[in-house]
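Both of the next two complexes hold chain A, though its partner changes from chain B to chain C.
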Partner chain A sequence: MTAITPGTLPKSSPRGSAARARMLRGLLPALSLALVLIAIAWLNPRAISYFGFNLMLNLAIPIALATIAQMYVIAGNELDLSIGTFVGFVGCVTATWLRDAPLIGILVLIGSIGVYALLGALIHLRNLPSIVVTLGMSFVWQGLAILVLPKPGGKAPDWLLSIMSFKPPYIPFPILAALLIAAVVHFGLMRTSYGVILRGSGGNAAALRRAGWSLLRTKVVLFALTGLFGVLSGMALIGITTSADANIGNGYTLLSIAGVILGGGEFVGGRVSPIGAVLGALTLALAASPLLTFMHIPPDWQVAANGAILIIVLAARVLISRRER
Partner chain B sequence: MTSVRTLLEKPWIWSFVGALVVWLATIAFTGGYGAGGMVTAALSLAVFTVIVGVGQMFVITLGPGNVDLSLPANIGLASAVAMKVMGGSDSMILVGLLAALACGAAIGAINYLLIWALRIPPIIATLSASFIIQSVDISYGRGLQIKPPPGFADFTNWQVLGIPVLAMLTVVFTIGAALALQRMIYGRSVLAIGQNIRAAWLAGVHVGRIRFLTYTLCGALGGIDGALLAGYFRGANVDIGNEYLLASIAVVVIGGTSVAGGKANVPGVWGAGLFLVLLLTMLNTFGVSAGVRLVLTGLIIVGVITAAGGEKAVR
Partner chain C sequence: MKKLLVLGALAAMLASGTALADTSGKKIAFSNNYAGNSWRQAMLDSYGIVTKKAVDDKVVGAADVFTTADKEVPTQAAQVQNLILQGYDAIVINAASPDALNGAIKQACDAGITVVSFDGTVTEPCAYRVVVDFKDMGKQEVEQMAKFQPKGGNLLEIRGLAGTSIDDAIHAGILEGVAAHPEFKIVGSVTGDWDQTTAQKAVATILPSLPDVVGIVDQGGDGYGAAQAFAAAGKPRPTIIMGNRQDELKWWKEQKEKDGYKTWSASIAPGVSTLAFWVAQQVLDGRKDIPHDLLVPYLAFTQDDFEAALPNIKEGGVATHEYTQEDAIAAIKANIKQ
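Let's turn to the complex of A and B:
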């Protein structure tokens, strides 16, 4: 979204202000992140340091990966209400089979990506509402997670632990990882020709079909990518928490949807932004607890503060996009 | 024969068939033992899903993207409000119910205010609202251990000839909802907006007013549901409404209402509500573990929706 090609930049002032508004809108995810960072720096300057960021952004990597996963289905005008329990399921597999029997673990995880691809095919072929199908699947993943790991426990594989506790010089690992995720996904979805087709399946499906593209294939690819990033998110989460629990990912469903929307994505029309989504996820990760802790907001009201932050950012976006029209 | 065929063409019949199959499977397993008690229990539990299901159905019928995710938080807060206002005394039952109703309606109105003023998609608006409501509930209902007035608790558990009175009243309410949907200007407007919001607007439907009414109605039903739940389970609880997020959406869709909007189905909500409750009873009777029960519930929901099929694309 907000692709401003230099050639079409209008010169006349009303359209010029529209273009400025559009650019402002594209910058909004970055602005909201900056705002949260400034607030944290003001409340607790010591938090803005290598160790501070490592600590505060601890859980940002799995949240960012889950948000990217959600972004792919949203790009195709669908919604995945099962991503949270899926992340939990992957976490349970990672903490048990992937350590004890790596081959089975890998096969199960690849198989679960296959299930996502099949869901995409089912949703397309039978023209089903994705909300309901993924709602049903959220029960399935939760049940499987309980079957794999009835009691909280397990242990992450050592190689995963060492990856997630990697300490690069100068730049904290979560920031480095977020940059990498944003760059890779941005290139794949925004800069390749098939990425355009994938987004087009959400933008104008009828036009794509008439141009000879398989909508079945785009839906399968989008869902498979969601599954892939869901797997990465679950593995990253376990690499940080070191052990798993069947309910560990439940909050990620709503968090990932909020992250995509905060990042400038829209529910319909294939308008999504990978960089925005990662920024949105970082904003949520920071706003979720470090900021509120520094503001001395009592635990009772932390959830409400999250809701309020969402509403404020979205209200700012509406003010800007009203100027765009 | 023709009457059977027309019956089979109704989209809601399948949810009742599903409920019947599940019931028969369970009594076949128990050898006929507890067949009647199971129906009674299913009716009294399905009531709560049906009430919020009807509200959710009106919202979903408004068109793609319209859904109320704040119902669980709404139910939780209303249950606390009802118990606090009633304060355990029989004379305050009506006031408590009205308070719960008002609380729910206010939440619904705020939901629509967010959608309208901030132009946020309803999913995100109701989600953000539910975060705030949840916090209010946690802070308001902290350590709340007020029992419902005995008269109210008895009323919610009252049965005549094995049929819960609450279920009978809910049947009357759903008939009213069906009439409102099909015979009143309000219901026809909701359907028209769901089919094509622009066409409805051009035809003179007060789109804003109808959407406001619908969200408020859905919120009010969530409020009443919270009060009744607190009476039935003898106490308010922050988590009392949690399962009704998925359940309210599931009964609407399994019941044959179109997720794309513009096509609603009231009887189906009852069929689907009974189906879900009986399904849970069946899996419990079979003695499967929690994990297997969840997996089967999920697979059956996906299976039912696949069998019922989506409609041909309108857009």
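Let's turn to the complex of A and C:
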């Protein structure tokens, strides 16, 4: 996304080829999404329609939001292994309290964002590995989710249901939502000065500290943003499924990490791309389910094929980043 | 060639005039959320056998099976949405969650697709539910126990996976049975998770604190483990109700040969997937009078017939039964009468 046009540089110079590789990396998420879409169009032309995109992509919205959430912690060189169960917890709160007692529901959700911010502070102040802290938190969220909703059920608030089933003219809602998410986060993280500081806390923390910025604050802000987008993800998910289950988000932890990496992010160095992350999430959502369903693979092989598709998509990303070095 | 096609179409139209509608062009998909245990494997095997024959006999056009990679609800919701896009006429589903798939199920119904759920049923009203009468099974366990232990006595109850509707229903049936037979008293209750190892551990833990027990009422998949726990503790062997698992029936056979041990065995047949398939076919056939909640009988074995069934069960597997179209029609009829 930050690529410089290669034409402005002499072609033979090593800088030029590095820039080309960077641009390629920026384009890769879009390319892999296009490839998966072409494959789907070829296998099932009926899917490429307003109705089809609505069905195929609406469950990609919560995945995209969870991926953005994960992207914020990764921008600060951390990992969040609790985002999946957190989304499940938010889902359970959404399907119970947010409907029956909106005030309590909103307070609980804001409080959970506060817990995320505190986690950021804890990780920074005690210098704890985020993987350990968030792995522990994943059990806490799971336990809370079961407490809120011991048996599957509940119902999404009506306003949420109507938002998620909104049918705008011409452009399917999931695509509109994906564009909006990508644009807002891209502006906030890539185009504002505090966004640069946030990414810098992962890229070069020492330089930031010397320049007088509070690293505690950047970590707290990054974790709070993760909490915020986790809440949005859980609410969007319940708006689609209409009803909750304490285990509903468990798969999102790994999907969100894969989405960030597929979208051109790196585990360290504050190198992330919001637009890439949204595209990565859409690609994963499409590659895992619709593509697989349309391929008519014998049932015994379906589970393995799902994994194989993910590996192929991610391997393409790794091959291209290697050329950069 | 064209003439043949026209003739064929005419013939098909004529044939469908006699039946309600022709289902030979209809496509039925099976959405399954998990395939990782013996029960689910048997379920898929039975489904495969019956649907292959149905497709070969041109009863339906296609019957494809789709299993999700994880047990997650969103994955299965996405799968259902893709099946809608694929243009299937009906979806048979073993759902990951009774409620959380309702959004996707409703979308399927709105697209004119028949949805039949079984085992893991869904609560969305537009879907059909093929439900095994677990409550009656629990009640019947106590009825049978009364035959083997006419004097009554203390019972130990082994429960299934906590929080599931199946565990609730069987437990309610057992309580009802005990209420009707006051000579029995439940003196202990453990959670066996329908798993021999878990059940064995749980029973072994509670055994020392129990008075003498004459019988064990359970939920299937736990009877053999309970027997092992009693044997290990050197306690007298009680009457253990079995759950159609191969290891349970094998143990029963050994005991019967030794000293004429008597008990009873019941469980849900994995082949209930095929019943759901036929119900879907009947709905596509144009039948409008099918109730959305279909109660079907469980599969039971008695002292006289279990040995005949034993050789047909795979090692480590569970007894099953493949249902036919006639079975489905009979089951629908029985439910309409109620």
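In this text, the second predicted complex is superposed on the first by the 295 of 325 C-alpha atoms of A that agree within 3 Å, B and C clash if a C-alpha of one lies under 4 Å from a C-alpha of the other, contacts with A are read in each partner's own complex, and residues count from 1 in each chain.
Definition applied: a residue touches a chain if its C-beta (ideal position, glycine included) is under 8 Å from a C-beta of that chain, and two chains touch if they have at least 3 such contacts.
Every value quoted in this text rests on a predicted model; they were computed, and no experiment measured them.
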| Does the superposition put A:303 against chain B (first), chain C (second), both, or neither? | both
| request: Considering only the touch criterion stated at the top, classify A:35 as touching first (chain B), second (chain C), both, or neither. | output: neither
| said: Looking at A:247, would you say it contacts chain B, chain C, both, or neither? Reply first, second, both or neither. | reply: second
| task | Could you look at A:153 and tell me whether it touches chain B, chain C, both or neither (first, second, both, neither)? | result | second
| Is A:62 touching the first partner chain B, the second partner chain C, both, or neither of them? | second
| said: For A:285 in the superposed arrangement: first (chain B), second (chain C), both or neither? | reply: second
| said: Tell me the contact category for A:121 with respect to chain B and chain C: first, second, both or neither. | reply: neither
| query | Taking the superposition as given, does A:19 touch the first partner, chain B, the second, chain C, both, or neither? | reply | neither
| message | After the superposition on A, what does A:131 contact: first (chain B), second (chain C), both or neither? | response | first
| Where on chain A do chain B and chain C both make contact? | 150, 302-303, 306-307
| request: Over in the complex, which chain A residues touch chain C? Could you list them? | output: 44, 46-47, 51-52, 55-56, 58-59, 62-63, 150-154, 237, 240-245, 247-252, 285, 288-290, 293-294, 296, 299, 302-303, 306-307
| Contact set on chain A toward chain B in their complex | 79, 122, 126-129, 131-133, 135-147, 150, 254, 257-258, 261, 266-268, 300-308, 310-311, 314-315, 318
| query | How about chain C: which of its residues touch chain A in the complex? | reply | 32, 35, 44, 64-75, 77-79, 81-87, 96-104, 106-107, 163
| query | Okay, in this complex, where on chain B does chain A touch? | reply | 64-65, 67, 114, 118-121, 123-124, 127-132, 134-136, 138-139, 142, 246, 249-250, 253, 259-260, 289-302, 305-306, 309-313
